[in-house]
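For clarity, chains are labelled A, B, C, D and E in written order, and residue numbers in each chain start from 1.
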Amino acid sequence: MLGEGIVRGLAETARNFLGSFVSKERLTTVQFPEERLPQAEAARDFPFLVYDGEDWQAGMRCVACQICEKECPPKCIFIEKSKDKKPDALGRAQFYPARFDIDVSVCMSCQICVEVCPFEAIKMDTAFELSTDDRFGGLLWDRQKLALSDAHYHAIHPTDAAHTDELLAAEKAKAEARTKAAVAKASPAPMPQPPAPAAANEP
Amino acid sequence: MSSMTETTSAANDERSRKLTAGISEGQLLEVSMGPHHPSTHGVFRMDVVLDGERVVKLKPVVGYLHRNHEKIGENNSYLASMPYTDRLDYLCSLTNNWAYALAVETLAGIDVPERAQYLRVITAELTRLQNHSSVIGFLVQDMGASGTPLMYAFREREKILDLFESLTGSRMMCNYMRFGGCRIDLPAGWLDRAKKVVAGFPQFLDEYENLLGTNEILMARTQGIGALSRELAINAGVTGPLLRASGVNYDIRKVDKYGIYDRFDFKVPLGDNGDVYDRYMIRILEMRESIKILDQAMCDIPPGPIMDPKAKIRGFRPKAGEAYGRIEAPKGELGFYLISDGSGNPYRYRVRPPSFVNLTVLEDMCIGNYIADTIAILGSIDIVLGEVDR
Amino acid sequence: MTETIDQIFVILKHWLVGHVPTAVEPIVSELLSVVPIILLFPLLFALITVMERKGLGRIQNRYGPNRVGPCGILQPIADGIKTLTKENIVPHSADKVVHLLAPLLLVMATFLGYAVLPVGRNMVAANMDAGVLFFFAVGSMTELSVFMAGWSSRNKYSLLGAMRAIAQMISYEVPLILSSVTVIMAAGTLSTVSIVEQQSGYTGIFPHWFVFTPWGFAGFVLFMIAATAESNRSPFDLPEGESELIAGYYTEYSGFKFALFFLAEYLGMMSISGMAITLFLGGWAAPLSFLTWIPSYLWFFGKLFFFIAGFIWIRGTLPRLRMDQLMNFAWKFMLPMALINLVTAGVWRFMPTGILRWLVCSAMVVAPYVLLGRGFMLGKRLEKRTYRFAD
Amino acid sequence: MTLAGYLIVAALLFAVGLAGALTRRNAILVLIGIELMLNAANLNLIAFWRYGRSPEALTGVLFVIFSIGVAAAEAAVGLAMIIAIYRHYKTTNLDYIDSMKG
Amino acid sequence: MTLPFTIIAALTIAGAVAAMSLRNLVHCVLALTLAFAGLAGMYLLLGAQFVGFAQILVYIGAIAILTVFAILLTRGTEPDAFLDLPSAWVSNSVIVAAVFGVLVWAVHSSPLSRRTLPPPPQITVRQIGFALMDRFVLPLEVIGLLLTAALIGAVILAMHEKQAAK
């Protein structure tokens, strides 16, 4: 009969109308600034540079190898290699980024820089309220702004960070073993080249 | 444009001429619908000539969102194109990922481990669910249902997007698949949550059918409107729900059996009329089939690695050759065609976007119909301008 | 006491009028009838916009506006400030004078309709002998302002929207008037006040509303469908069909003029609901005889809110019709039904009271409805389909 | 207020309508002019009814009601004819629609 | 009683003159509705409520709308030329002046025109209805027939010549 489907539809909307008062399933709205959903552990927004210890300059893991700069799909990373070297967390002399800028307004949060980094130096942050009134400079982050502590990394991605620590510890152990071997052999200097994990073919 | 579309275009011009014969120039109203129009689903323009309310001529104008996707792909490394594929059809980034990964894997001869295959199927079918639900929501919204069906669809879609977020870290730009597997494994408890969401989905579909399935207005608006004949659908290269609504049994999941689709028991719903109503219903039925696949996949998923150990992240250089990888994306056949010259970048990178090819029959379906039907037909084609314009 | 509360506004008005010099008495008396209407109904409009948005929100499983004031109740004030402070954009090639006049005329015409609505016992601005005719006459004036708005904007969408609006309003005016003619036939008067008075009696506890007769019910349904179309509400909101015509005839309006269109739409909806209440639902009369102690105006506004809620509910559910379907529905379904209903009302009038009268009249209404409805569906070959599956 | 006032207004309306119908070239405007003249007559009828000896007989009122009905019919057919003519000649200017040499 | 009459009369005449003299056809129709509304006001002044409302319903609600539809369908919104032959101007003016003169002379010479307003008659819609159904039933039927014929005739006239579909 004409009108049957319409009446059925009206019944359905009435059910939803009433349901929205009683059932949380139906009224899924989260009233944002007051209520916030917990962020997923895998959440990713923009990259940051991990540093160990307290001093961001001393503890920065990045060695300015420029792989991320090359692999970045929208090409939003700008790196300038330092002229001199300084010791990294393992005590080896390494280059460091004299300049490391990320244009966050261009970045598309793809995480490829994180995946290609052989030094576990760049990770994804989860901060997302980044609006600024400075149109050009405000979203061009330099290395100081980008540097965040390892503790922060542990806080936002605990599983990932634990895995990273494992990798780094393994590497450290390997490096120490090698140093010991070298010392035992009394060879002049440790290898300047870091033992890059798995498939660190040059780009 | 290919020669095929040119011939249908000529036929359409002939139809337009017939419809406008005997009507003076001043009687016709030329309306430029778009690029900023509430129901063109983005920046899409239709040059419509109206005789009263009837469309006598329609020319789709695309390209407002063109952003050199293919050229960027040729100038970036293989991996760097992966996040760009998310932005093609931004509703279904996971299927885009899969199609591209499939093409590269064919090119480089990489195997995908079992668990990763299951992950791909699960994420792809979830994508199909959320795409189809929002499409039917938008379709009815375009027909003036003031948001209610769309909001219901979005309510369900939100749950799936939450799943995507906790898995991939992003709701829409998932960037999840890699050559030889997937980026990260399922977080703890994800599968149970997904099972719950999928188990609740049929209820939403029932609700939707209650709301609109027998609604006389919806039937009047969609039945017999924009019928696409089997022959034209095949000739124009239309794929996906559009093609199956016209009664052609062609589903790449069945034809190619890519991935591990041959392990699942599901059916392909087929329509007989090829009109807007059929496309609407086919999508609902496909969602029900997707739920079946999901149930099986989430039950059977084995433990194991998610990446082929041979696959390289850095310095990936497939040997020279060419490959075409295609999958049944929610919108139709999504294919990536790649030519490698042995370097780190593809020599040629080409996308076969389902929305764009499906859009070519818009003119055929709209001429002679009312202007309001144009909106419904456009909604039923299911275009995403990110994919059409690339 | 009950009587006093019921008549409080009437008494107040007489008291106020008694204090002014005799020369200006009629003018003051008129003003005291008109000003409350002009103040009250826009206030109601503000309330209804927030009610609609919250109601639609709940239907769609959302909260709706809930930020301005407690529970978002002050949202209309925010909206009002927003529309008032917006730039008034007049297209360069628009016909400026007509463009300006259209919303003013529209609001004026819709306000005029309230003159004959009895919102309570003895509470009517103008008790005209031809009240119903007056209502439809001023109602038909809105069409012209809609045309003015659409034509003067020099926009194709506006013009299409205006043409749709006029075609729709003219087409649905026919069943609208024909279905109210049944009531006029039964009541034997065109005066809204007498129509309500005729429905204010009770049999037992049940009221003598016209809606509780077969022809009255059918007339009521027809009237409401036509009223929905007249006030351009979903599913008949084609003139402003957002997905097709942007905003129809008021595409090119902004700021306060846009707000006036909005106001006129809701005022029209309220006035036509008020007319439906007057004609079929006993106006200010209480629905059950033991509830008469509640003041009459509260009953009227209660019923009005009930109607508005219905409009919102329907808007939250149904998709929009297409132009030709709308016309077909008006001329091929509504018009025959209204005519049959007219005959039914006549049969009802001349048959003796009893169960037979009920049976005959119900059959006279239901049978054509079923037949016409089936013919309508079959003619269009509309059906729920089954689909085949391939492996 | 005397009857003359209404009659003069009606006469003016009639004259304006006549002037328009004679001067304007657009068929629709000519039709409008004729409508105006008809309305002038209606005003006369109502005025005479009101100032007449037995308004209870309602003759004037009913005359006007019928006249309005006729005017509606006239407008409908007239405009339909104009549309049909426009479709044939592509103009509504009466100067070009003279094949009957009327 | 004179002030409302003066205002309404002025509006009516102004509307009529504008309707006959404006260049844009849609403006003409809008001015015409002003004249119609003024006439309805006059009917109300004269105590013919029913006729006044019927005037609004039919003339503003139907005829004016019909006319604008016709204007749009005939693309008549472009300015319309006045008759440009000077001889026709002269002859037309003479005719109009003569007609107007005769009418005014007739009004002035008649003793009837100096009659003042009698007390308002008690007319109800009910009486009009009874009169329509009783004494004037034949004209009513004729009008009904005429309107039906006009409806069908108008539809047939305005229908597309080739196909019947709208």
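Assume a residue touches a chain if its C-beta (ideal position, glycine included) is under 8 Å from a C-beta of that chain, and two chains touch if they have at least 3 such contacts.
Predicted, not measured: the structure shown is a model, and the values here were computed from it.
S.K.: For the pairs A-B and D-E, output the one whose chains share more C-beta pairs in contact.
M.R.: D-E
S.K.: What chain lies farthest away from chain C once each centre is taken as the mean of the Cα atoms?
M.R.: Comparing chain centres, A lies farthest from chain C.
S.K.: If every chain is reduced to the average of its C-alpha atoms, which one ends up farthest from chain D?
M.R.: Following the centroid criterion, the farthest chain would be A.
S.K.: When the centre of a chain is set as the mean of its C-alpha atoms, what distance in Å lies between chain D and chain E?
M.R.: The computed centroid separation for chain D versus chain E comes out at 5 Å.
S.K.: If you average the CA atoms of chain B and of chain C, how far apart do the two points sit, in angstrom?
M.R.: 43
S.K.: Could you grab the centroid distance between chain A and chain D? Build each centroid from C-alpha atoms only and quote it in angstrom.
M.R.: Here chain A and chain D have centroids separated by 83 Å.
S.K.: Which whole number of Å gives the spacing of the CA centres of chain A and chain E?
M.R.: It comes to 79 Å between the two C-alpha centres.
S.K.: Can you list every residue of chain E that touches 2 or more other chains, as numbers and ranges?
M.R.: 50, 54, 62, 69, 166
S.K.: Using the touch rule from the top of the page, what residues of chain C touch 2 or more other chains?
M.R.: Residues 59-62, 159, 316-318, 324, 377 of chain C touch two or more partner chains.
S.K.: Where in chain D do residues touch at least two different other chains?
M.R.: none
S.K.: Given the complex with chain B, which residues does chain C contribute to the contact?
M.R.: 56, 59-62, 156-157, 159-160, 164, 234-235, 237-238, 241-244, 246, 315-325, 377, 380-385, 387-391
S.K.: Applying the document's contact rule, which stretches of chain C touch chain E when the two form their complex?
M.R.: The contact residues of chain C facing chain E are 95, 98, 128-130, 133-134, 136-141, 143-144, 147-148, 151, 159, 163, 166, 170, 173, 188-191, 324.
S.K.: Given the complex with chain D, which residues does chain E contribute to the contact?
M.R.: Listed in rising order, the residues of chain E that touch chain D are 1-2, 5, 9, 12-13, 16-17, 19-21, 25, 28-29, 32, 35-36, 39, 42-43, 46-48, 50-51, 54-55, 58-59, 62-63, 66-67, 69-71, 73-74, 76, 80-83, 88-89, 92-93, 95-96, 99-100, 103-104, 107-108, 112-118, 121, 123, 127-128, 131-132, 136, 139-140, 143, 146-147, 149-151, 153-155, 157-158, 161.
S.K.: Under the stated contact criterion, what part of chain A meets chain C in this complex?
M.R.: So the residues of chain A touching chain C come out as 1-3, 6, 9-10, 12-14, 16-17, 19-21, 26-29, 31.
S.K.: Please give the residue numbers of chain B that touch chain C in the complex, ascending.
M.R.: For this pair, the touching residues of chain B are 29-31, 37-39, 50, 53, 140-148, 151-152, 155, 211-221, 223-224, 249, 254, 267-273, 277-278, 281-282, 285, 370-373, 375.
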